[in-house]
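Two complexes follow with chain A in common, the first pairing it with chain B and the second with chain C.
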Partner chain A sequence: MTTIASRMAGAAWLRAASPVLLLVVLVVGIGSAAPGFMRLETLGLLLSDTAVLFVMAAGLTFVIMVGGIDLSVQAVASLASVVVAQWLPVLGYAAFPAAILAGLAVGLLSGFVHVRFRIPSFVATLATGGVVAGLALLASHGQTVTILEAGRAQARWVSGSLLGVPDLILIGALVAVGGLIVQRFTPFGRYSAAIGAGEPAAWASGIRVERTKIVAFGISGGLAALAGVLLAARLSSGSPTLANEMLLPAIAAVVVGGTAITGGVGSVARTIVGALIVSIVRIGMTFLNVNIFAQQIVFGAALVLAVAITIDRTKIPIVK
Partner chain B sequence: MTRPTAQVSAAGRGAAAPEGVWPWLRRRAADWAPAVVLLGICVALAVLNPAFMEPRNLVRVANSAAIPLILAIGATFIIAMGSIDLSVEGVMSLGTMIVAMLAANDANANDFGWWAPLLAVLAASALGAVNGVVHVGLRIPSFMATLGIWFVGRGIANTALGGSAVRVMDPSIRDLALHRMFGMPFAVWIAIACFLCALGVERLTRFGRYVFAIGGGEDIAELSGIAVRRVRVMAFTLAGFFYGIAAVLAAAQLGQSNAVIADGRLFMTVTAVVVGGTALTGGEGGVLNTLIGVLIVGVLANGMVLLGVSPYVHQAVQGLMIIGAVALSTRRSRLQFVK
Partner chain C sequence: MLRALGIDKSFTGVHALRGVSMEVRPNEVVGLIGENGAVKSTLLRILAGVHRPDGGTIEIDGQAVTIRNAREANAHGIGIVFQEQSLLLNMSVAENIYLGQEAAFTRLGLIDARRRNAAARRQLEKVGLDIEPTRRTAELSFAARQMVELAKALALEERTDRALTILLDEPTSVLESRDIEILFARMRALKARASFVFVSHRLEEVLHVSDRVYVMKDGGVVAERAAGGVSVPDLHQMMVGRGLQTEYYREARQVPPAERVVLQTRGLGVAGAYRDVDLDLHAGEVLGIAGVIGSGREELTRTLFGFLPPTAGTLAVNGTPAVLRSPAEAVARGIGYIPRERRVEGLVMFLSVATNITLARLGAVLRMGLIAHGRERRLAQDWVRRLTIRTPDVATPCRNLSGGNQQKTVLARWMTAKSRILILDHPTRGLDVGAKEEVYELIRALSEDGVAVVLTSDTLEETIGLSHTILVMRDGAVTGRFAAPAGGKPQQVDLVRHMV
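Right, the complex of A and B next:
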């Protein structure tokens, strides 16, 4: 018995540690192949790139932890970028919280639709994502909205740097710390893990399953909107299709980091590792001159593989 | 086999009739709701704008519904199994790319004529089969397997196209969609043919019955000796086949293949299937429902254009339609926990 238990613990440990090992191998590999990679500016750029992806993926982590999925994140991020770009001249700094609140509202709505009407989360969020994409197109008349000079000054908190460290990295770190605290030290974080691990048991022990799920979707929407805001500030523009290529890398970051798509197992910390892996693989492929379009093939295949490795099959007797 | 059962159930229904027409009507109401909604929308549009009923406009509706119908027919078999196929856009991108690159085009010297659409449908079916094999073989949920394949397909297509649009110069391939027969574009006739084939597969073949048996209750289907895994792979292959035909028509209709040719198709497809009354939980609905669903979405889109509503609003309305249709069609007593 003990040998089986210890072997299982060993397997679990290996499963948790393998993303970190993969990350180390990737960094060392690319670092030795291309010495320019280890320079401070390159690393700073890499981390800034990762920060935006991480913020979105961190939100997704909460939804995946409860066993759901949020396919609306890219539409929410795009909408947030449009809101910021259009309202900066009118509202000034208030445009940033307005955009994030809009995302939060959409997330809560997705969660509400999902639990109240008992619609599977991927369809519910596909639908709300469609509604949001329509709204973003409508608000922007389908065009890119440029942030003018005055707005750029107001967006300096994203594009600037503090003591030589790009602000984006600091924002990403803040989200990481906040996410970890929420997951480890709040009832909500514990309930989320419990729901993901076994919804009937969580429900039977008196956890308010529906409310917890709605909050998880709210966090996902809010952080997706924050990612959209960061993107808009960085590119000095908002567009209804700005974040359209981000859904797959974001889900990949969560899953590659070791959070199981079946829920219950995972954390924002793992998503940090996952986001770094995704960014480094992307940069590595650029170094190796892999066509930017072909990178989608790699990510698609990697996603399937990572899901297959991390999934907990005892939880889904019938795989639909 | 099926005929005697049908008679028995008809007899049963006849016997139950004296007990009251209302309970029977109410039971049947859910089945007829999509058709009633379609009729209601048509009547409302005809009243609001007489131009809706003009033959020219009706042909336009049919033409714009052709490709969505073929896509949605493919997805119906997947959703009837209780699974989902998110790879619609990826498979379709791959198909249109192959048509454009192998037929006479403005990017290379290829001119394989009819081999181009044939190989496109073949490749799309193959990618559909990959969906099924990955889903069944690695035992991962279909929405994850097909999400991955979505981007694999798109990646292959975009890599081959190199980010540019490639025009189809072969007039006979373009005629596949544009040539008119009895006043209707050929694309419409192909869609009707696809519909009849799919209806045949659904109603008359063992495979069609198995798909619904699996959707109704996979454990029971398995225990009754159905080779569930094989049926699943076959269904995904069949779906890929239909996406391939839709891809050929899209390439023929637009005369090109580009990076965004399939954008928004997944959304429209899922809306149409679900609005038609095929439940996401599987086991209910069918291609006939999907025909009605596609017409609802198509007529509504056409009506919004006629009434001068922004096309962007239409996407938002579609999203609300998905939520409404799924919420109405889900029998909540059946599922305790929804993920």
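Right, the complex of A and C next:
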């Protein structure tokens, strides 16, 4: 018994630690294969890149924790980029919160549709994502909206740096700290974990399951919009297709980090590691001259692999 | 001949079977009785390939066999009628009867539905069920579905030349007497071809139809008797096997409840389940609700915790009218719930003991709106000590605890939540004797403390032993009320008269 128990504990430990080990292996491997990789500018660029992906993936982590999925995040991010680009000249700084609130609203709506109409979250968010993508196309007439000189100055809080550290990295760090506090120290975070790990028991303990889920989707929408805002500020433009290739890497970041796709187990901290792995793989592929079109193939494969490794099959006899 | 030798089976936290041996001889009906339904079901499910035993062997005609799934069980001539029905409601009766056997009716890879339906009709005739095989299963009554279930098991007879063993898990609990007679007649007629294992909680029935009876208790077989040589009271004595009931249920600690009514219902009802329930639950009272499946008592307990909103009548908590639309609203009014499905509705099995204890009232460990982990840990440790919950640590996931300790963890949650009304829905299901006694001990302590309890139980004996007052239900209505003070407990037969 003790040997089995300790072996199981060992396996669990390995499962939890393997994303970090993978990250270390990747950094060392690519660093020695391509010496330019370890330069400070490259790493700064890497972390800035990762920050945007991480912000989106952090929001997604909340939804996946309660056992759902949010497929609307890339559409929400694109819409937010369009909102910011179009409204900066009119609203000034208020355009940023406006875009984020729009994302929050979409997220809450997705959550509401999911729990009230009892539609599986992947369908609900696929639908709201479609609606949102259409709105972004309509609002922008399908064009890229360039942020002009005045707007660029207002976007300095994203594109600038503080004491030599790019602001993007600091924003990502703030989201990480905030996310960790919410998950570890608030009733909402606790309830999310309980719902994801055992919804009937959470419900029977008097937890307001529906409300908790709607909030999780709201966070996901809000952070997806923030990711879109960051992207727009960084590229000085908004576009209805700006974040189009981000959904797969974002889900991959959450799952590769070790958050279980079935819910209940995971954290924003793991998503930091996951997002770093995804970024490094992406940049590493560029360094190693892998065709850019082939990168989604790698993310797709990595996602399948990560789910296969993190899923605890003793917990779920039948997978739908 | 089918023989099980030393079968052992544990589920997370529950040691269900301990070295169970039994044999089923050709052409006989073997009765299987015991207080705990789960144990008998587990044994049948192992023989039918649903579960794998942890230890022991199964022999057929002297050959050790491994039964990994229903198909392999069928190949050995073993069929089962499940207690909770296994039919797929969206399919036709014929599709259900031949589920997994479609290959027998294919032509060029396509199913010949006409041939299959004709075959299904033959099976239905065997059980005297006059319905179209093309009917959707969902349209049938519960009893009719039970007969379809039986027809499905009997269809096995045409697929194999081997001796048949049909396992029947409480097949009569939802049947009318006419259907029960059909079932028994069918069993007698088929005895030339098959053996049966028959599980029922109605001992008269078991004696009536069986040749031999196995009595199970605490996960093991305690007696094996020829049906001709024993009486119902004998069987009951062997099954319960405890001398001093009063001691077992801590009757000496049963004190009269207070005057104050904490939970009151008037004309409470749920359409299609139960109606016109008036009850007054007093502080410190244990109110037992007795009734068979379909009596409405399960639905009533679920209404009292907000799972199943009533469609008629009123409910008041501490004198204030209350509408309980969800468990959250029940919890907010000081009601707690211990479910029969401990692993599903009781605990979040993958989370820690501490997390589960504070789940219903995180407010107890918040500091400035944030969870104070140290405080949570100390609170949990305190409960672990007071209720003697055996766990290596409060950070241990609940799934690593035994059934009794899991149940105590659920109780600790409601004590943390300061619940003054507890709905106990089969609170000792699947627990061994020692763990049961600990739960009884706790119920008495809570009751002395003024906590009011609504109790449903797997056994009448437990209901009688623990309750101050007993409500008997039948077909959705309250048919009897009994006072059950210490030293003046009603007899089981008196209750049963109001149950059936």
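Following the convention adopted for this analysis, the second predicted complex is superposed on the first by the 318 of 320 C-alpha atoms of A that agree within 3 Å, B and C clash if a C-alpha of one lies under 4 Å from a C-alpha of the other, contacts with A are read in each partner's own complex, and residues count from 1 in each chain.
Heads up, the rule we're going with is that contacts are C-beta pairs under 8 Å (C-beta built on N, C-alpha and C of every residue); 3 or more make two chains touch, one makes a residue touch a chain.
Everything numeric here is computed off the predicted structure, so don't read it as measured data.
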Touched partner set for A:Ala194, first chain B, second chain C, both or neither: second
Which partner reaches more residues of chain A (counting touched residues only), chain B or chain C: B
Which of chain B and chain C A:Arg208 touches, first, second, both or neither: second
Contacts of A:Thr186 with chain B and chain C, given as first, second, both or neither: second
Contacts of A:Ile119 with chain B and chain C, given as first, second, both or neither: first
Chain B versus chain C as contact partner of A:Val265, first or second or both or neither: second
Chain B/chain C common contact set on chain A: 200, 203
Chain A-facing residues of chain C, complex: 305, 307, 326-328, 330-332, 337, 339, 341, 344-351, 355, 359-360, 362, 366, 369-371, 413, 417
Touch list for chain A against partner chain C, complex: 181, 184-187, 190, 193-194, 197-198, 200-208, 264-265, 315
Chain A - residues contacting chain B, complex: 67-69, 113-115, 117-124, 126-135, 137-138, 142, 199-200, 203, 248, 251, 261, 263, 291, 293-301, 303-304, 307-308, 311, 313, 316-320
Residues of chain B touching chain A in the complex: 81-84, 86, 90, 134-136, 138-145, 147-152, 154-156, 158-159, 162-163, 218-219, 266-267, 270-271, 274, 280, 282, 310, 312-320, 322-323, 326-327, 330, 332, 335-339
